[in-house]
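Each of the two complexes below includes chain A, the first together with chain B, the second together with chain C.
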Partner chain A sequence: MATIVPSIACLGVIGRNNNPLHLTILPSYNPSSASAITSDPEKQQQPATTISASTTASSAATGASPLRTPLQFSLLLSSTLDIFELRARAHAASGTGALSGDLGLLCAVDERLACYGYETNTGVRFVAVVDMRGRLLDPTLPSTTLIHGAIPETDRSSGGGAGNTGAAGGGAGTGTGTTGDDTSGLVNLPSLPPLSGIGILSPTSSSTTVTTSSSFIPGTSSRKPSLVASIASASTGLRDAELKPLFKAMQTSWVRLLQNPFFDLDEHVLPGGRGGRKITSKKFGEDMRRLGMGWIPGVGGFEGF
Partner chain B sequence: MTFQPVMPPYNSSDPSASFVGSSCLDFLLIEMVPMAYRVANELETQALDAATYAVSPSNAATLAGGPVTSPPPGIGGATGGGSMKSGAGTYGGASSTAGATGATGTRKMDEEEERDAVFYRLEMLGYRVGQGLAERFSRDRPRFNDTLDIIKFLCKDLWIAVFRKQVDNLRTNHRGVYVLTDNTFRPLQRMSTEAGGQAVTRAQPFLWFPCGVVRGALAAMGIHATVHAESTELPSAIFQIKTIPGSTQQ
Partner chain C sequence: MSSNRAARLGEEIWKTRIDKVSAELVTLTYGTIVAQLCKDFDNDYIEVNKQLDRMGYNIGLRLIEDFLAKSNTMKRCSNFRETAEMIAKVGFKIFLNITPMVTNWTNDNKQFSLVFEENPLADFVELPDDGRAQDELWFSNIFCGVLRGALEMVQMQVEAHFISDILRGNDTTEMRVSLIRYIDDELPPEDD
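Now for the complex of A and B:
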């Protein structure tokens, strides 16, 4: 049973002067290009044995690409600025004021893309463009088997990321598991081929994972349904709170950038009120990429953030 | 070292909280002032030396006297660095030692100029620190909706983070001027001189770095202001914040 879950298509950081500071574009799972690979639903029971390293590699290579061009994403971020301003003005007019900087859903672009926003107290804005069908999640495989672009899931966190993700999902699933009833219809999206049993494995570790996963599944089968339930329920509609950990982590990364003595904020957000240079820090870019890849709805918390 | 109980907002539930010995911070704040004097004087000497190498004495005089926009290579990189880049622009005259050696640039950096140079240096250091602090400690705060919210954040959270106490009194004229009074300002708390030792005057440079911190924090939150600090009686300090109208983005 493979599930399509939301993923991050693009992360943007906008400065106080409405100037772009950073843009990270992430690949989305694309069913049309991956449709050549289908597997028999009967084989779901032994997923670990049906996978060969070659099919996973090809699915990883063909099944993911950015949904839009960088320019289109950039324009999308620009268009969110109006919404930020509109919300701020609405809050000022009502006199209540926003309680937190989390603005939630800014706009839904089409049936796949939606923009979520967060504004820090210092006026820096983070925008996450979510692709509602950007990732193929196969619960029959260990929790590392998430299709999200061609980048191996080892990016998420080094070492014991697999165990951590599963445990976190189990915890979240107990809270949201009751809402997981209506998700069965969603799993079988008509436009999607039955893509069960296909997971992404890093090319180097694919063989070892396949051999170990058969022994891994029975031990974790108890908590796997809850993970699926929590994630699948999230895919029916994303709640604003599910992006909060991401925004918090982005802000942590931003604060860390400011703690770099070679980073001069005034260069990037000119005091005069207009313009500023983009962020060139490689570490910040890597952080953004890692956060974008690692975000799964309902699974909160990022290691090291 | 003091190990005080950890208070909000930097509590143990904050995963990225880190702690520094308060004595360390005190020593750093103390040492910063003489360091700024040394740096200012040294830069002055070097600027003067470079000026004496210039082709004509008239050039040297203008170079040493006027604001040097492009410091000679080596000066900015060796001593300025990082956030002090913009600070390297204003040299006053010559330091006393340089004035004795340099025959052409006999201008002595008088007290006023030295004071300005040191003030600029300390203030810019504080500015950078304030920017970072505001970003870091405003993270888990509710949203600021007007300038007063930001000033309150400054008086409470930021003051506690830096000086381990809140501001004692905050006054405003509701036209963009805020006066913060701290009756026992930590950097001044342990100062003492014999009677007639001009303690207040000598304590003045220790207020410049905190000035910069306040200005930097405000700038990070979108308020451009001038900050002036003075002390009338020793452990107390009065900070006057004048926001520059039209520049606030809140």
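Now for the complex of A and C:
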């Protein structure tokens, strides 16, 4: 039996002048195209910014394609900028001073997509757009042959076998319909459509979900974005902490990029610089793609980051 | 001196007599120098290679004294093969904590290759993507100058150049060193 777990749909890096630096779009599992793969040329034609040809080919074969067009993802990233600014202002007003770095859930777009963010003190922002139903985990297959697409074997240590990832999905506590109702009673929200197709095979999953969601709400029900936060996390059970390894790894990759002497800061991040250029480093793009593909909720750090 | 003894000597000096410095400091400083040279010479990479070689030469002329003092070897190398072992297993070891592999000897024992498995100078580096840097720039060319300068001070005229670099997409980073001649101790002309 297969389980559907969240995956990364898009990774973005935004400079301090609100300039887009990098955008990686990753394919999502798509049940309809999985059954009827062969014909649908329009869908496959969407240019994927940094996805290599081989990935696009393999993802076409497994029924995975980007959920939105690059333009739509780009707009999505732009819309998170306001939230970053709001959070920064809220931080300044509350007197906590420096940014906390990890900003957690920024906004839930619809029942599938949600944006998570991380901001460094230099003002560089990393955004991960998570697709809550983006990946099919099939325990009958080895973990490296996830339906999500070709994942290089180096991404995960071989210890993360199929059983392991399945358990991790249980830890993530993908919400069931009932838990969603419980929480919506708490915060009085319009009821969300139950996420069909999301379910955890493990019998302990429901109790995990309850503790997850209930521990999440009190701390975050103070501000309006957090309201959305509690919706999404209640319905999906994806905790902010689960994105942390990803953001840490993205930051490491960013640091490595900065250490390249031929990387011209002036063109990207300096306040008075010429600005406006996107990151062209192949290595950075490749790193982002690898991180996005390799991320599985609840599974710890990334090898080499 | 056998290869093993050279390796042991290098290890011992590295542990006991060397002041360490942050690897990032070295990498970033060197990277900045190369990037700045590229800017100053308008991306004339051939010229940048030359400048790096010249800088290395000046370093080598001084560094050899330090090397001799630290390595405490009063004995001269008896042949060029021994020199190669000392360069790789003691010289590179004590100054950079790497041991390039000595290989690809010619039959007359006058040419060898140093194959660098790791290169602290080139950490994090990606060559500029302008279509020429990948073919023209030898990023670590300062090494060639260092060897040339240092060996000249101990009466060996050598020629050193890189023939492949991982940064360029090659499988290995390889430097070719060839002995041109042993310089005889020449008396100053006025003594004639």
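Methods note: the second predicted complex is superposed on the first by the 184 of 305 C-alpha atoms of A that agree within 3 Å, B and C clash if a C-alpha of one lies under 4 Å from a C-alpha of the other, contacts with A are read in each partner's own complex, and residues count from 1 in each chain.
The rule is short, and it goes like this: a residue touches a chain if its C-beta (ideal position, glycine included) is under 8 Å from a C-beta of that chain, and two chains touch if they have at least 3 such contacts.
Bear in mind the structure is a predicted one, so any value in this text is a computation, not a measurement.
S.K.: Once the shared chain is lined up, is A:Cys107 touching chain B (first), chain C (second), both, or neither of them?
M.R.: Once the two structures are laid over each other on A, A:Cys107 reaches no partner at all.
S.K.: With both structures superposed, pick whichever of chain B and chain C touches the larger number of chain A residues.
M.R.: Counted on chain A, the partner with more touching residues turns out to be B.
S.K.: Name the contact category of A:Ala92: first (chain B only), second (chain C only), both, or neither.
M.R.: A:Ala92 contacts chain B only, not chain C.
S.K.: For A:Ile83, is the partner it touches chain B (first), chain C (second), both, or none of the two (neither)?
M.R.: neither
S.K.: Applying the touch criterion given at the start, work out whether A:Pro261 contacts chain B, chain C, both or neither, answering first, second, both or neither.
M.R.: both
S.K.: If we overlay the two complexes on their shared chain A, which of chain B and chain C does A:Leu270 touch? Say first, second, both or neither.
M.R.: neither
S.K.: Regarding the shared-chain residue A:Thr280, is it in contact with chain B (first), chain C (second), both, or neither?
M.R.: second
S.K.: I'd like to check the shared interface: which positions of chain A are touched by both chain B and chain C across the two complexes?
M.R.: 259, 261-262
S.K.: Enumerate the contact residues on chain C facing chain A in the complex.
M.R.: 24, 27-28, 30-32, 34-35, 38, 123-129, 133
S.K.: Which residues, counting only chain B, touch chain A once they are in their complex?
M.R.: Its residues touching chain A are 15-16, 82-83, 85, 128, 131-132, 134-136, 138-139, 141-145, 153, 219-222, 224, 247, 249.
S.K.: Quick one: in the complex, what on chain A touches chain C?
M.R.: Touching chain C: residues 256-257, 259-263, 280-283 of chain A.
S.K.: Provide the residue numbers of chain A that touch chain B in the complex, in ascending order.
M.R.: Residue list for chain A touching chain B: 16, 91-92, 97-101, 120-123, 251-252, 254-255, 258-259, 261-262, 264-265, 271, 273, 305.
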